[in-house]
Structures are given as C-alpha cells and as structure tokens.
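First the structure, which I've put down as structure tokens, then a few questions once you've had a look.
Here the chain labels run A, B and C in written order, and each chain numbers its own residues starting at 1.
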Amino acid sequence: MSIELGFALYKGLYLARRCEEYIVRHYPDDEMKTPMHMSMGQEAIPVGICHALAGKADILATYRSHAPFLAQTGDHGRFFAELHGRVTGTADGKSGSMHLSAPEAGMLGATAIVGSNISVAVGAAFANERLGTGRTVVAFFGDGAVDEGTFWESINVASLFRLPLLFVCEDNDYAVHTPKSLRRGYASLTAIVRGFDCLVYEDESNDVETIYFLTREAIAAARERRCPVFFNLKCCRYLDHIGIAPDGDACYREPDDVQSWRARDCVATQRARLIRRGLSEEILADHEQATDRAIEISIAQALAASVPAPDRLYRGVFHETS
Amino acid sequence: MTDVTPDPKDRHDRLFRTALLIRLVEERIIDLYPSDCIQSPVHLSIGQEAVAVGVCEPLQRNDLLFGTYRGHAYYLARGGDLNAMFAELFGKIGGVSKGKAGSMHLAAPAVGMMGSSAVVASAIPHAVGAALAARVRNTNQVIVTAFGDGATEEGVYHESLNFAALHGLPVLFVCENNGLAVHASLAERQAYRMIDQARLYGIPAETLTDGWDFLAIADATDALVREIRRDGRPRYLEVATYRSREHVGPAEDFGAGYRRRIGLEDWQDRDPLIQDTDRIARLTPEITAEIDRAEAFARASPWPEHEDLLSDVV
Amino acid sequence: MDESPQAMTAASIQTYRDALFEAMEQALIRHDHTVIIGQGVTDHKGIFGTTIGLGERFGPRRVIETPLMEEGSLGICLGAALNGLYPINTHIRADFAFLAMNQMINLAAKYRYMFGGLFEVPMLVRLVIGRSWGQGAQHSQSPQSMFAHTPGLVVVMPSTPEAIRETYAYAIAHHRGPVISLEHRLMYELAFRSDPAPQSPSASQSGTPPFTSRLERRGRDVTIVATSIMVLEAKRAAERLAPHDIECEIIDLHCPSHPDRDLILDSVARTGKLLIADTSWLAYGVAAEVCRIVAGTAPHVLTAPVAMLGMQPAPCPTAKSLEDMFYPNLRDLMQAIVRLVTGGDNPAIDLPDERSMADFYKTFRGPF
C-alpha cells in the first residue's frame, strides 16, 4: 500500500479515535445529553471499509455509529453539533448519538433497535440494483444483531435477489454484556451464512489495511458473481456497552482480553507502520495537532450554535408538502 | 400412542385408517363448503396426511404438538374428537373451542394438541418454550412443532432453532416441505437448504423424500423421539410432501399458473390413499358413518350465545 | 439492601428498584414454576438492578439469559406457560418489545379466547419506559395504550413500590393470563415511604385483584387521573397548590386496560373538573380513553372542558431544549390545574421554575 493511502486510512482512524477521546473528556460537563455507545477499539472496520468504497457506497449503522459516521463523512462539525443537541447537527439536534445520518454523504442512518437497520439496507440495495446506480450498500451491525431473526430474513432475501450489499458483522463478542457462548447454540456462524448464496469472509486482524484490501477484493468478487457479501470481523469494544467508561468493576469479561486487544490497537498499529514506511514523525504530529484543533473548533462551534427553536419540535413528524 | 410393539399388519391398518379418516373428513369439508355451513377459511391437508399420521404415532399422551393453520390432519392424528372438530368448523357451541377458533386454530390439549396459529412460524417458539418447561419441570416430554417450508424463512424460526440448540431442549422440529409458501416456490424464496442449515445449527436432521409413506415417517419419527427422550436434545425432520389443493379453500388451482398438474399425477400414482383400494374399500364405510355422525352432531349443536362472546377474554 | 422479606414492614422506605427486586426474588422463592427470561437478566447490571444475583442463587434453569430475540423470547414464554411454567419476560426498553408484537398481540392476547378457553398463558412481561435525557425516538416510548387497546392483555403501570409488590405478587400467584407491566426508568432510584394507614384500602387488603385504579389523594376541586410517574408529578403539584386552597383529587389509573370507571365517575361528579396526565401521546391514548368513560356515561357532570397533559405529538427528540418541551413538567401541570380550577392564571401562585421533569428526578432521591 502506498504511503499516501496508508496515511489516508490513518487520518480516518485518528479522527474517529480522537473525536471519542474528546467525548470522554467533555462528557462529564453534561453538555452532551445523549447516551453514548462508543466505537473505541473498533475503528479499523468502518475506516477500512468506507475508504475502500469511498464515493461508491451508502452505509447504515447502529447506535454504535460514531466511527462509521466519521469514516463515511469526515464531518466532525455536524457530529459534535448533533451530540450537543444543536440546530447545526445532523438532525436539528433531534437525533443525538444513536441516530446519526448524512444522506448526501451516503450515511443513510443509524438506529437504536438492534438489527433493525439490516432489512433497511436490503431495501436500499434493492433500489440500487433496480435503478442501476452501481452503488453498494454497507450494513454495519454487531454480533448481537445476528441473533435477531431479521438478520436471517435479510441475508436470505439479499442472496435470493443477488443484491449488491455488504453485511458487516462487527464481532466484539458481546451483546450488551452477554458473550456469544451464552447466546449461540451453533458452532460456526460463517458456516451457516455460507449456506446462503453469498460470499463470506472472516478476519481477525483488526488492521485497517487488511480490512481495506479485503473489502476491495470482496466487492470485486461480488460484482463478478452478482451476490451479497458477509464479513465477520473480530474486534474489541474497549469501553462498556454504554457510556464513556471502561468496564470498571463489571466482571462480564476479563480485563486481560481487552488489554490484549489494546496491545495491537488499530490506530497505534497504523501509525507505527507509517513511520516504518518512512513517513516522518513530524508530518504525523502536524496532522494530529491540526485534527485536534479542528475538533476543538467543532466543539466550540457546537457550544456556540443555537439550540432548536420550539417550532422545530413538530417539524418533520409528517412529510410536509411544499 | 403405546409403547407395546403392535402387530405390523394392525399397525399398518391403524395408521392407514387415520390417514384415510383425515382424507375423507377433508373431502366431506369440500362437499359441504359450497353450502356455506362452514364459514371459516380452510387450509386443507389433502396430500400431506401421512406426515401428521407418521409424526404423531410414536408420541406419548403427554408429549405436546404445536401445529399450523393447516392443522386438520394433526388434530385428527393426535386423536382429537371428530364431533367437536365438525362443530368447531360449523361455529357451534359444541365445537372444541366453542366455535371461536374455526379451522385455523384447532386444539385439543387433552391429547397434547396445543393449538395452531394462523401466523406463519409463530408457534415454533411456543414449542421451544414448552420444551424449556419440560426441562425445568423434568417431565421427560418430547415437544413437536410442525411447520411448512415457508416458516423457515421467518426470523423467529432462526431464533427458535438457535435457542433450542443452545439450551439443548427436547424439541422435534418437523418441516413439512410441500415446496410452496402460499403460491411461491422454494426457488423463489430460499437461498439456502433447510436441512443443511438445521445441521449447521448443531441439530441432527433427517430428510424423508417419500412423504406419502406414513410407515417410514412413523419409523423415522420414532427413532428421533427415542433419541430426544434419551439425551433431551433437539432433532429435525424434513419430509417432502405434496399439497394437492389451493393454499386456502377447497378447490384445486392448477389453472392458476404457478404449478403444473403433472406433479399431482405423480403424487397420486404413489398415494396409498388412492392406490391401496382394498383397504380403502374395507375401511371407508365405517369412517363415513363416523363422519356422518360428526356432521349431524355439528348441525344439531346450538350456536354460541351472546354471553359466550365476551367469555374467556382475560 | 436487606433482601429478607421480613425487613419490609408496612412503614418502611423502599426504592422502586428494590421493590422490583423483591418481587422478582419472592416470585422465585415462593413459586417453583416461576422463571425469569430475558436479555441481560444474568449480567452484572441485572435489568437495572432488579435481577442481580438471582441467576447465581436460583440457577440457569430459573433465570434464563437469552440472545437478542424479542419475538422468539416472548414466544418461548408463551410455550413455557402452556407447559406449566410462570415466565417473567423482561425487555429493558419498551421499544424493544415492538419486535415481539406478533407474539404479544396475535398470540398471547388471544391464546385463551381464540381456543374457547382451552388454554391459559399466565405470564408477566416487564417493559421499561426509557427516561428522557437524550434517549431519543427509539428508547423513550410508553406504549400502554397500544397494548390496552387489544382485548386479552392486562396492562399495569405501577407508580409505587407498594403497587409493584401487590400487583406482581397477585399476577404471579393468581392471574392466569398475560400481564404487561410498564415500569418507568425515572422512578427506579426513587425511595418511597409506605403509608402505614393508606387513605383507601389497598387492593390486597380488600381481596380484590389489583388490576384496577387507585385513589391516591382526596380533594374537592379537580380530579387528576394520572399514570406512572405522572402520578408523582400530580402529587407534587397537589402539595404545592394545597396552601392556595386548591384541593386536588388524584386517581392513579394504574391499570390502563382495566380502569376503575366508578372511581373516576364518582370523583368527577364531585369535582366537576377533570385533568388527565399520561406518560404517552394523547391521541387514541389514556387521555382519550378516560374522556370516553366520562363522555359516554356522564358528560353533564363536567363543568369545564377536560385538560390533558402528555407527550407532544412528535417522536422524542434528543436536544435538551426540545426534549424539555416534549415532556410535560411540573410547571405545565400546575398551570393547567390552576387554569382549570380558577378559570385563569393566578399571579398569587408561584409556579415553579422547573422546566424538566427529568432534571428533578435525576437528583431527587426521595423518599416520596
């Protein structure tokens, strides 16, 4: 991979990580009054995929959508405005952290009901196929969503209709706090999914470049065969299911498990790789500082922006005709 | 419904008689339907009788079975009362559910027929839950859920299969594969193979292709039920079968364009309820008399009254 | 927390959460056939603290963790009920239970009637209404009227620990059908003082099923019919208005599927004025139903148009500025009462500058 591309991926990782680190720092100020489901630790997946499909894909995400949103749009300005409940946010401040969207940038929304975005993604892919747009739809969801019946209805119909759809299971092993071992009666998810007429890929690297290339390869193969793709990508949720804290004294997983993932953190890994390839520390540091400043400006602008006026409460409930 | 091994000829006769009873009952329904005395949509089992007959034979009385809206065959195969069934179809107070259930919701808890839902796949989790109760209460029951191939496309089917496999529950999943969901073929609906998928869920699964052969189905079910009773874990049986009538209603619909009559003829060539003319001739008069009595019972039974309208709501 | 039931005396102070825990614990202790089934019932948070430790104490056959499978989960509970268990099904957001609507509406509500009384499906379904504070459109809904609309479901909304103890104990021990309980997340941390001498005989004392409404306060000027946390808001408003010689009568609707019509009609006949305060939208909801009861029976007893408070007719927004408008607050409620009783605003009455119900309950711990 070229240094330029590797650097672009790093920029995506850094932005997503840094935005969440600012959330962690500022959340106690109680200016962001919205429950946070943090992506931290899982950034390589959306960054790798969204960069691989840049401009050619629409995505749908879940309540854990900070990283997918930022990877797809890069728009931390509207991101922070939305988290602060301001009119300059993605939805007038009405959606908060769990329902980020930016249709013009190919972010078709995020929902807070586990699994509920998957069939919507099937519909979006169906429209793309019928309209001949040539675009791919990416559905991000967690391993918990696979337990929902709607996942199986969706993978069947996407396979049956041969839709250009990438199912991305961000497999962090936990549905809220329940591990897969307490939720799944079968030995291999991918074995069952392979039983559908689709392409299946697995990866445990947590590495943004690996995921980038995997996506390119898979989408090329899927176009050839005219079928959907299923990705099962292992990852680690650094923080608790909800909120900005690590697990703390919660005993649902071993601290060592998280530590071993942190030891091969996707952001640090990519940074070290770029240094090895000859990118200077100075260039990296400059970019990081510039990003930090830009984020700080976004936060300041969000705080300075207006809160929605009372009439906004009712706007958009029904589809107004003009 | 007995552990004593019966004389093979008696057993064949007995199963044949039940299958023929189902066939003749449904043919009577077809005859009666134009007179509008059965004001309830009927989903007929004609062609699929052998599955219900074979599956129910090895079950013990306290084993439970959950059916579907295509449930006449299971109701009768489990030993549901014929008079009460006809009265139910007629909407009379003598019906098994006082005329409130109609054809789609036949039930007979006394013989382990735990109800039938008109919403595809919705009874599958009920069987899993009943099996969970069997486990918690140590009842040694086997719980059967019978469903069509269309039900396997529903999400709740996957949720149920997974839960049964996860907790190792004593459920027998019986897929009656008639190749049709309403009017849609398997190829139009499924990008997977049901039997392979069930196995990948970790559930031992078996396929039978001769869906008219009630003896083979009974033998296969008997073996699976014994395994379930031994280890308490789920099993899966898929039986290829044939729906000879329209999805709902009494008629044939080979002119509708979604399937061809030739399949019917292939089936009929092998259907013992057509081919085994000796047994048919021997058993029909007695069964017909039984159906006559049930029809008369239904006609004589009173209508439910206003007070029945609001009973059993909460 | 003292987990022994003996510690719970009539005059004790108890939080809503502890009452729920006690109800769950007692269900498992007293009834061998009771099981708790749900996503998160055995994790360290234990349905907001109401099932913590029960999995270890009673084992995985009694406290059963599920995958995310709302329809399957409720269907499994129905089947378990058919085969001799009493399942308690939990969903940490009422919104999540919408995935189980098929089982709830098409199956559980009808399993008795549809089969002419052949079956009983006793079960308790606990749904938690999300508090505000940015929970947004899919974590904040309060679907009592959707369920109460469907014959066959008993729907309760306990507003006190006492109501939880009585209602759950009765449902589990005696009721043979599905009961859906909506618990308000904002109340979980609140401590309540049990009144040793309640004004009205409690349901359990009188031996009648607690699936009915409850008189919470007597007053001559206005009848307030409220649900869930709005009962607490009504009590706060009533206390602040009493010094101004406005006496509120408060009826906790408690059971939206089975409101006490006589209690409501008798009260409105005395006060002539009716205010309905619900946790959900007004249209086709609790407010509409209470109006149906009065308008269909004794419209002449009303001396003024009915006043109603509930969620604004929009999905719940997350922006604090909008969210504060979306939910009714104490100021809105007191203003509505004053206008209804006196025919206009009264400058002598100091309306509280409390723009957010959530802000109050986030810091207030009781006892109530």
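Please note the rule applied: a contact is a pair of C-beta atoms (placed from the backbone, for glycine too) under 8 Å apart; a residue touches a chain by one contact, two chains touch by 3 or more.
Keep in mind the model is a prediction, meaning the values are calculated, not measured.
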Contacting chain B as well as chain C are chains A
Most remote chain w.r.t. Chain B, using mean C-alpha positions, is A
Set A-C beside A-B; more C-beta pairs touch across A-C
Chain centres from averaged Cα atoms put chain B and chain C apart, in whole Å, by 42
Chain A and chain C have mean C-alpha positions lying a whole-number Å distance apart equal to 36
Separation of the C-alpha centres, chain A versus chain B, in whole Å, is 46
Among all residues of chain C, those touching at least two other chains are 66-67, 69, 71-72
Where chain B touches two or more other chains at once, the residues are 155-156, 159, 162-163, 166-167
Touching at least 2 other chains, the residues of chain A are 147-150, 182-184
Chain C contacts chain B in the complex at 33, 35, 61-62, 64, 66-67, 69, 71-85, 87, 102-103, 106-107, 111-119, 151-154, 177
So, in the complex, the side of chain A touching chain B is made of residues 147-153, 156-157, 159-160, 182-188, 191-192, 195-198
In the complex, the residues of chain C that touch chain A are 39-40, 42-45, 65-72, 95-96, 98-99, 133-139, 312-315, 317-323, 325-326
In the complex, the residues of chain B that touch chain C are 64, 66, 95-101, 105, 107-109, 114-115, 117, 119, 122-137, 139, 141, 143, 155-156, 159-160, 162-163, 166-167, 311-314
Per the touch rule above, chain A residues touching chain C in the complex are 32-35, 85-86, 89, 92-99, 111-115, 144-145, 147-150, 175-178, 182-184, 250-252, 307-308, 310, 312-314, 317
